[in-house]
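Chain IDs A, B and C follow the sequence of writing; residue 1 opens each chain.
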Amino acid sequence: MLDIIWQSFLVSLVGGLLSLDRTAVLQIMVSRPIITGPIIGYILGDVKTGLLIGGMLELLFVGGLPIGGHIPPHEVMIAVLVTTITIIGQRLLYGIGFDRFPWRFADSDIIFVLGAAILMISPMDAACKKADTSARFFNRRFFNTASAELGNGNIKGVIVNNLKGAGVFFLLNFATLLVLSLAGVGVVYLSFLFLPVAVIMSLPLACASVLIIGLASAYNTSYDNRSLPIFLAAALFVLMIITVGVGRW
Amino acid sequence: MSVVLVRVDDRLLHGQIVEAWAPYCKATRIIVANDEAKKSRLQRLAIESCGSTALAIRVEDIEESIKDIAPDNTNKERVIVVFSTLKDLMQAYNKGLRFSSINIGNIHHNGKGKLLTPSVYIDEEDEVILHTLSQLGVELDIRAVPTDKPVGIKIEMRNEK
Amino acid sequence: MQGLGFAAAITPALQDIYKKDNDQLCTAISRHMVFYNAHPYMASPILGAVIKMEEDIREGERDVKDISSFKESLIGPYGAIGDTFFWGSIRPLSSIIGVLSALFWGIWGAVIFLIVYNIFHLWMRWFGLQKGYKLGEGIVEYIQSLALPQWASRIRLVSAGLLGGAAAVVVFKGIDIVLGQTVQAYQAFLTTILIAGAVVLCALLIKNRVSISLAVYLLFLPAFIFLIIMDILKRV
């Protein structure tokens, strides 16, 4: 129990730092799921799963443009949460012989936990967006303080307040991540204990639908008339190469 | 040439129009109808450098834009027209530009006036214009990007004298 | 509130320009504490040009108004260019390249994503700033000559092609995992075409204002209900 809390704490700390890259500092895109996933996976000792989740979510959220006032899904925090919930949840369940399942839970069953985590994306995203909006609200206040201090001839105030803004983002994101990851792990654990077996068995379908929607949303970033034939032609071409290469007809 | 969107936006051309509305309306041309932008070489250059072969962008003054969009122009372009204020839009209407609906994206008035959405404030003059437009049967669509929910507004005139 | 960010970014340069004159420095900084909302990377060339203009102001060769009108007229258009070029085409391109290479080389895919993206990003940050400082107002012509929106639409087509390839690889690997090594080529072909169709259909759905997470549920739900019904039937 204690190590779960410690791990969630660590993950939220790193996740909070990574999420700064999204809007506040640098923006070298370490805040994209394909980077965040493996990093969180590394902390939890499972890079491969982290990369798998990161890749899936990367495609899913590739289209979210922060245009104007529109706030796209909070892809960093979701990537951190899904990875954490999946890896920790799977460990919790590992080796527990459920009487109700026809098999024992093992490594390869991660896809069931991942499915459960994916279904939680929507409510988690709502919470993350709330945190983000309130951080922006605080930042507006720092803007005003900085203006006031500049009036008093204090130049450092500009830079200090700019940093304070980043600090608020970090703290709020960190707290949100910690609460949500612990809650998510709890929900996964309880649902595997009590939900009907048929429901659990259908969870991998959520992974499949994320893959398809992910490809679809990545496809949507290209809205040229010519992109459809190019997309289909490339798919068929690669498929032919693979089948020839593998030598299976 | 068909007008697919008439937009009021005091920031003129920016990401919301190019990345959200243009693909949504399948537009092939954007006309920024603004006298000041036409006069300022710098601004015109900056705005027109957002264009590409798939989406041409021109800055024109209001007179010119009306001539350009005239219904007897029969090429297959799909045009978005951007005005910076409701006053400009009304001016274009009075000079003969016709449209069945308008989209109001950003009007700030420096935060003064009545708040309709976080990005749309209207002053009294705007209110009169909106009222006239809705009486003329022009649909008012107040939202920044197509994925937003359109905001319905009721425009009551304060007892017309 | 990028206004504060812009002011903080320009402060060191202004400190250099107005070395000892604290009063002038403060007025200069407060010139930049106004609403500023453009694409963060495209702020670099603007920043460069503004620093140049601030130097001109110190020399008395330019009016203070020039700066605010310069910034105001560039915010919108450069936001649009940045959104189109970086968010709309470079990021999807590097995401797709990253995912595609992760399918073959594992964790290197993530590294490749970072490299591809940041080549473009840092190029704009660094050369944009330098060019802006060198050219001043002339940066506008320079940016126009780069024709970034034109490149964006080309890059988008490349992304569509790469995505098609990635889809085929994903589907093929998926089939291998689910059905084992016994799949015949024609089965793989049929499945791929089926899934490509599903992808295009879902793309249409998302385009028509169905949010991404809703689309995931919409796709998941029918299959889920089908499984539940099968389960109940089995028991009966």
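What we mean here is this: a residue touches a chain if its C-beta (ideal position, glycine included) is under 8 Å from a C-beta of that chain, and two chains touch if they have at least 3 such contacts.
Here the structure is a predicted model, which means the values were calculated and not measured.
Student: Closest chain to the protein CA centroid?
Tutor: Of the chains present, the most centrally placed is C.
Student: Based on the averaged CA atom positions, which chain is farthest from chain C?
Tutor: Farthest from chain C by mean C-alpha position: B.
Student: If you average the CA atoms of chain A and of chain B, how many Å lie between those two points?
Tutor: About 37 Å, centre to centre.
Student: CA centre of chain A versus CA centre of chain C: separation in Å?
Tutor: The answer is 17 Å.
Student: Averaging over Cα atoms per chain, report the distance between chain B and chain C in Å.
Tutor: Chain centres of chain B and chain C, defined by C-alpha means, are spaced 26 Å apart.
Student: Where in chain A do residues touch two or more of the other chains?
Tutor: 65, 67, 223-224
Student: For chain B, give me the residues that contact two or more of the other chains.
Tutor: Touching at least two other chains: 14-15, 19, 54, 147.
Student: Give me the residue numbers in chain C that touch at least two other chains, ranges are fine.
Tutor: Residues 83, 87-88, 153 of chain C each touch two or more of the other chains.
Student: Sort out for me which residues of chain C touch chain A in the complex.
Tutor: 1, 3-5, 7-8, 11, 15, 22-23, 25-26, 29-30, 33, 40-41, 83, 87-89, 91-92, 94-96, 98-99, 102-103, 106-107, 109-110, 113-114, 117-118, 121-122, 153, 156-157, 159-172, 174, 183-185, 188-189, 192-193, 195-196, 198-203, 205-207, 212-217, 219-220, 223-224, 227-228, 231
Student: Could you please specify the touching residues of chain B with respect to chain C in the complex?
Tutor: Contacts found on chain B: 11-15, 17-19, 37, 40, 42-43, 45-55, 146-147.
Student: Can you name the residues of chain A that touch chain C in the complex?
Tutor: That would be residues 27-30, 32, 34-35, 38, 47-48, 51, 54-55, 58-67, 73, 118-119, 121-122, 125, 136, 139-140, 142-143, 146-147, 150-151, 153, 155, 158-159, 161-162, 165, 196-199, 201-202, 205-206, 208-213, 215-224, 226-228, 230-239, 242-243, 248-249 of chain A.
Student: Spell out the residues on chain C that touch chain B in their complex, using ranges where they run on.
Tutor: Checking each residue of chain C against chain B gives 39, 69-70, 73-84, 87-88, 137, 140-141, 143-144, 147, 149-150, 152-153, 209.
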